[in-house]
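Chain nomenclature is as follows: A, B, C and D, assigned in order of appearance, with residue numbering initiated at 1 for each chain independently.
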């Protein structure tokens, strides 16, 4: 079981901010492929990965990052704080 | 001090509290960000990632302190709905000399802008839209190497 | 607002008064300089050239506003005898975006440090000496071309 | 008649912050030469001109500046404000 969380327009496009999923994905990229195959909402959210950032267990990382031991993966657009 | 809060804060109060805590500092810099009413903006909605926000800002503050020899650095960042003219966030830095206090504040601002997990949505009369990250902000961040 | 005064000022009060006056600004920067107690310093005595001080600072403020598109800039600078921990001076700048507000404040500080007619004398237990201008301050000023 | 003012260690070395003088000097440099010839205090203050800055009628300038129409010439060390 892994928790996947979404923020900003990814959350709106997918229709939820949080889901718990069973996955065999070994990397963030594999997880994205699995989620995109699930339905058109996920597919739309992940259509352009250049517009998507990812954090594994609250640490910014890239799509090659392993998630075998991860508890939480977060997807969101580039940050706009400050 | 790092605060992530929905409540407003008082710039003057924070600046004075910061200043009295800075024995040995010759230079104190504050930056505050204010919601601008450009293009008929009615309100700004700020979303954040609670589990990540505080650890991410803590890393930035530690990085700024180490890199510029800051004596101290405070960050306050709000989330939720903010109207035009309200303060979104502030940083305060102190150092023996002005160059480091300025650089520390700019470094923190560049990181907060592009690497802290906040997202802004602009509400106008005719709808709402997420603010896109700017290339110019990535360029400012890149100067720190 | 430009004030040259012997009386203390309240950073927080000035920062808040500055902020409310800045409609349209997205970014507000303040800098305050504090007397450091390095090397057993007891007090700082600041002399200035009254007939020149206000015109010189006015020129610097006008230069900063024009160069960085500042919406406003305030300068407060004290003279007379100041003890360790007291605030010597402050600047506040506002601009639509943070880069200009920061640059405007740094520009003003570099000019105030090396071109405004103030001179500092350090009083120690065993005597007093005029502070020498630093090459590093001239170097900072040179970056503005 | 021209007013000459001094600040910081120039004031201390010369022993006054202000003097009114009659001068035929056409430039700041000529004024400095006249003052230096006056007594050892002025001579000491102006011994190293690299350490002296000048303002004519409250505007920073150099030693070649004409002073024919000037009301006030100020001498002081490099500024140390801020």
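The rule we apply is simple: a contact is a pair of C-beta atoms (placed from the backbone, for glycine too) under 8 Å apart; a residue touches a chain by one contact, two chains touch by 3 or more.
Predicted model, so just to flag it, every value in this text is computed and none were measured.
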CA centroid of subunit A to CA centroid of subunit D, Å: 72
Approximate Å spacing (C-alpha centroids) for the pair subunit B, subunit C: 23
Whole-Å separation of chain centres (CA-atom averages), subunit B against subunit D: 48
Shared interface positions of subunit D, touching two or more other chains: 82
Residues of subunit C whose C-beta touches two or more other chains: 33, 98, 109
Chain-level touch network, classified as line, ring, star, complete or other: line
Which pairs of chains touch, using the document's own definition: A-B, B-C, C-D
Residues of subunit D that touch subunit C when the two form their complex: 5, 7-9, 11, 55, 58-60, 72, 74, 76-82
Touching residues on subunit C, where the partner in the complex is subunit D: 33, 46-49, 51-52, 55-56, 77, 88-89, 109, 112-121, 130-133
Sites on subunit C touched by subunit B in the complex: 10-16, 19, 22-37, 85, 87, 96, 98-99, 101-102, 105-106, 109, 140
